[in-house]
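You will see subunit A twice below: alongside subunit B first, and alongside subunit C after that.
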Partner chain A sequence: MKEGNILEIKDLCVNLMTVRGIIYAVQGVNLNVKEGEIHGIVGESGCGKSVSTKAVMKLHDEEKTEYTGNIDFLSSKGEVDIVPLNKKQMREIKGKDIAMIFQDSMTALNPIMKAGEQIAEQLRAKLGLSKTDAKKRALEMFEKVGILPAEKRYEQYPFEMSGGMLQRVMIAMALSCEPKLLIADEPTTALDVTIQAQILELIKDLQRESKTSVIFITHDLGVIAEICDSVSVMYAGRVIETGTVVEIFDEACHPYTKALLESNPKEGDQGEYMKTISGAPPLLYEKFTGCPYAPRCDYATEECQGALPETVVLNATHSVACHHYKRVRGEE
Partner chain B sequence: MKEYVKYIGKRIIAMIPILLIVSFAIFFLLRLSSTDEAAVIIGERQATDELKARVTQEYGLDKPELIRYFDWLKGVVVGDFGKDYDSGQDIGELISSRIPVTLGLVLISSALGLTFAIILGVISALHRNKPLDTGISLVMLFFCSVPSFLVSVLVLLILTKFIPGYSFIGTYNNFGEFLQRISVPAVIMALNQLALLGRVTRSSMVSQLQAPYIVTANAKGLTDKDITYKHAFHNAVIPVLTVAGMSFANAIGGTVLIEQIFSLPGIGGLLVSAVQGGNYPVVQILVMFMLIVYLIMSLIVDVLYVVVDPRVKLQ
Partner chain C sequence: MADKIIEVRDIKKYFRVDKGKLDKARAKYLHAVDHVSFSIERGEIFGVIGESGSGKSTIGRCILRLLEIDSGEILYNGTNISELSAKQMKQYRRNMQMIFQNPLASFNPKKTIGASFSEIGKVYKIPKAEIDKKIHELVAYINLTDDVLTRLPKELSGGQLQRLAIARALLVQPEFIVADEPVSALDVSVQAQILNLMINLKKDKGQTILFISHDLTVVRHVCDKVAVVYLGVIVEMGSTEDVYKNVMHPYTQALISAKPKEHPLEEKERILLEGEVPNAINVKEGCRFANRCPRFKEGLCSERTPKLKHVGGGHYVACHYPIGQKNI
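This part shows the complex of A and B:
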């Protein structure tokens, strides 16, 4: 692993066996997350954002999922490849070294267990704390994420809390064991805009304080710009462009990234039609031999149909997978 | 705890109007039929007009129905349940000798049925779509769809063939014999309950195991044991409780049939003969008894609900 990286995903493929056949949900993802950074993953629904990050915690049904490639992770016990780990070894990492926040906090918490207890339970199981210590620590976490008054909230059940509060509980839970990596899977999508801003601010603050690395999945480019250090753009189960936020927003080299940025509404756009990308992302029932974006791409040529584009490294932080990136940048 | 006592007290008080309404309805529905009560008391054959007139006088059969209802109700409240038309025996005595069989059948079969339903349902859900699950589901489907009287007859035939000289049916003289007599019918009734409750447990458990909070529990790095029992099972048991309440109620009715088949001296057999013979005082008391058992069962289920599900509050 490279110095300073906490996670290196190499050629990750995830195949999901379903009743309708195999879904090649992730088709060779390469992704690096540096220590202490917030790395955004952006893309349309069904592009493999969630599937690839859930693979990092092996949360898919093990009997119906096939993983190939490497997921190298710098755990508290040193470097490990997550792909070959068994259930028991994985349990050592889950909850303690890697934690996850989910989109819908209303259903992601056990409806009939006290909110505080759901955190205390994890502290007892993962850190071996006693009942009283676990409760004390859970109350501290509640105060940290702004669930007040902590004592009262500790005893409440999820149905007695609002969506924003529940997401705070999720965050408190995820960070309670001081993980090295936090995966946030669209944590603000189900919330209304004002609460969204609060939750983003909270995640940013806590991240700055704890220096935890974060993978932040979203389809909202505005959110990416606000909190991320670097970004990976995913399309049809692959990462098609990676770079720092500045590189992605100002020097995008992939036609899809460009189109995504152009379809983001800006201030002062009034009276004009919103730009969209015509067509829909492909279904993932087969492996691609050509560029999966070609049918929707303005730059596509015959070359794109015939060969899957290699990832080209432009500089230490910026890389792109497109045959025509130079033309997109206007160099040709 | 104090809350529970208060709630249970309230519920018991709320039973009084139900009991009054049902007793009123039963009393008058029975009187709608054309049965000649005086003739029933004397016995159809010996009923001369002279005897009938005497009995009518003695039992107050000629009073207006409403007054007869309140006379009867007064008696019941102070513990005088009236006299059996057939034997002249006090009804309180008559049914108290028959309650153990019926209550035993209902309680034992419900307890057995629920316990094994939960165990098998959970095992089935954990081995979903594997041979073990298919096997359990098939057996449950069998007992769910085959009526229990058929199973009873089959079981009796088989048992008497393989254990000759042993009596599985009829009356009992001591507690050991009591258990012997009711064990087979109780198991058969339990099988019937198990089939339904087991299938509910399985499907409830399967859906809970796929719920998003299970993914969270998994991401927290909890053990499979904690995920399955502390999280999924606790949630899965709630709908099972609802169905269990209804299933217990069915069991009360089910005893009528099963007691007939096994010739058990219980409430069921008595009820059938009382209805057929126009023995109204007995019918009235037995229906009220079954209603009370039913009400108590549903009260227990409701209280358990509050214990298991924090979203349900005592009001």
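This part shows the complex of A and C:
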């Protein structure tokens, strides 16, 4: 593993067996997360952003999922490849080293257990704290994430709390064991803008304080601009462009990244037509031999149909997978 | 005088939230829409923006009489439709259509798109040849081909279905459409297709649309006028440019500042609202935004409910201490 990286995903493929056939949901993802950074993954529904990060936690049904490739992770006990690990070995990593928060906090929590006890339970199981210590620590976490008054909220069940509060409970739970990596899967998508602003602020503050690395999955480029240090753009099960957040916004080299940025409504173009991407993302029932974006792409040529574009490294932080990136940048 | 297609006068809709209890004197009501008035002119897109639970969808449903209002009047081209019987209402229904958030749920899953479309012809007794021609025209208008008509809803993508839902609403040439969060279930690239279609409808057909949304950028992009609702009341209303550029209500200001940045290097001053949207059960006298308001002052704010007042140029605000103004 490279110095300074906490997670390196190499050529990861995830195949999901379904009644309708095999879905090649992730088709060779390469992704590096540095220590202490917030790494955004952006893409439209069905692009594999959730599937690939769930693979990091091995959350897919083992009997119906096939993994190939490597997920190298720098755990507290040293470097480890997550792909071959079994359930028991994973349990050592889950929660303690890698924690995850989900979009729908209502279904992610146990509905018949008090919110505070759910955190305490995890602390007892993972860190072996005593009952009283666990409760004390859970209350501290509640205060840290702004669930006040903590004592009263500790006793409440999930249904007694609002969506924003539940998201805070999840964040408190995820951070209670001080993980090295936090995966946040669209944590603000279901929330109102004013609450979203609160939660993003909270994640940013806690991240700065604890230096946890974060993978932040979203479909909202505004949220990426708000919170991320670096970004990977995914399309049809592959990462098509990676860069620092400024590189992605100002120097996008992939036609899809460009189109995505342009189809986002902006201030100052009221009532104008917006640029759209014609067609729809492909279904992933087969592996691609050509560029999966070619049918929707303005730059596509015959070359794109024939060969899957290799990832080109532009500089230390920026890489792109497109045959025509030079033309997209206006260099040719 | 401008041609008002819809005029809403002082409508009120309360929902009883403790059903089953007999003690009426202590009944709890959710004030979903509380004394709301506004009017929509022909050919404009009127936006209603608010967070979840603000009553924005209820307003849309009340206008179409999918929900019965408790008091007030709804005028459609000058006729009060709020007290018409279901039978009398039918002739108006043809002119007022609705588009919902989830396009997959708004089509019958067992019927082909074509069958769902022709059903409308049967309901309104339109001759088959005429409706078939109309369907063909509309499918072309939304940039799809006729073969979608033989498909089932589950075979189409969300964006295609939402365009078809809009086409279906247009089939009977309605004068007025209520679009309830039509793009919030869609990806950005697809969202742009739908918004372009809305803009086209206004430009080509002079379509009047009530556009309900929680997304500030989307509303700003397509709407001519906008009403900001908070807990069942309109707090600010005016032309979209006016409301966004000369913000007067602290809630609107907070809402705009909570919107994520457009560019990572953009400097943004943020007014973080504390707490959450409270619920509107048995609200008391006083401003509903008082407990979260950064401009809150003891006295007036907690004691008297601010009325929606005209401040010039078609801009209305309901606040005791509006931004950039002396006390009203």
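Couple of notes before you dig in:
Please note the rule applied: the second predicted complex is superposed on the first by the 332 of 332 C-alpha atoms of A that agree within 3 Å, B and C clash if a C-alpha of one lies under 4 Å from a C-alpha of the other, contacts with A are read in each partner's own complex, and residues count from 1 in each chain.
Keep this in mind: contacts are C-beta pairs under 8 Å (C-beta built on N, C-alpha and C of every residue); 3 or more make two chains touch, one makes a residue touch a chain.
Everything numeric here is computed off the predicted structure, so don't read it as measured data.
Following the overlay on subunit A, a side-by-side fit with no clash is recorded for the pair subunit B and subunit C. Contact with neither subunit B nor subunit C is seen for A:K77 once the two complexes are overlaid on the shared chain.
When the two complexes are overlaid on their common chain A, residue A:R20 makes contact with neither subunit B nor subunit C.
Judged by the touch definition given at the top, the superposed model places A:A259 against subunit C, while subunit B stays out of reach. Aligning the two complexes via chain A yields an angle of 70° at the C-alpha centre of subunit A, spanning the centres of subunit B and subunit C, rounded to a multiple of 10. Residue contacts after overlaying the shared chain place A:K275 against subunit C, while subunit B stays out of touching range. Judged by the number of subunit A residues each one touches, C leads among subunit B and subunit C.
Of the two partner chains, subunit C is the only one that A:L221 touches; subunit B does not reach it. Of the two partner chains, neither subunit B nor subunit C is touched by A:K2. The least CA distance from subunit B to subunit C in the superposed model is 12 Å. In the three-chain superposition model, subunit A touches subunit B and subunit C at no common residue. Taken in their complex, subunit B has these residues touching subunit A: 211-213, 215-224, 226, 230-231, 234-235, 238, 308-311. Partner subunit C is touched in their complex by these residues of subunit A: 44-45, 162, 164-165, 192-198, 200-201, 219-226, 228, 245-246, 249, 259-260, 263-267, 269-277, 280.
Across the complex, subunit A is touched by residues 51-52, 157, 159-160, 187-193, 195-196, 199, 214, 216-218, 220-222, 240-241, 254-255, 257-266, 270, 272-273, 276-277 of subunit C. Within the complex formed with subunit B, the residues of subunit A that make contact are 57, 59, 87, 91-96, 99-100, 102, 104, 107-114, 121-122, 125-126, 157, 159, 170, 173.
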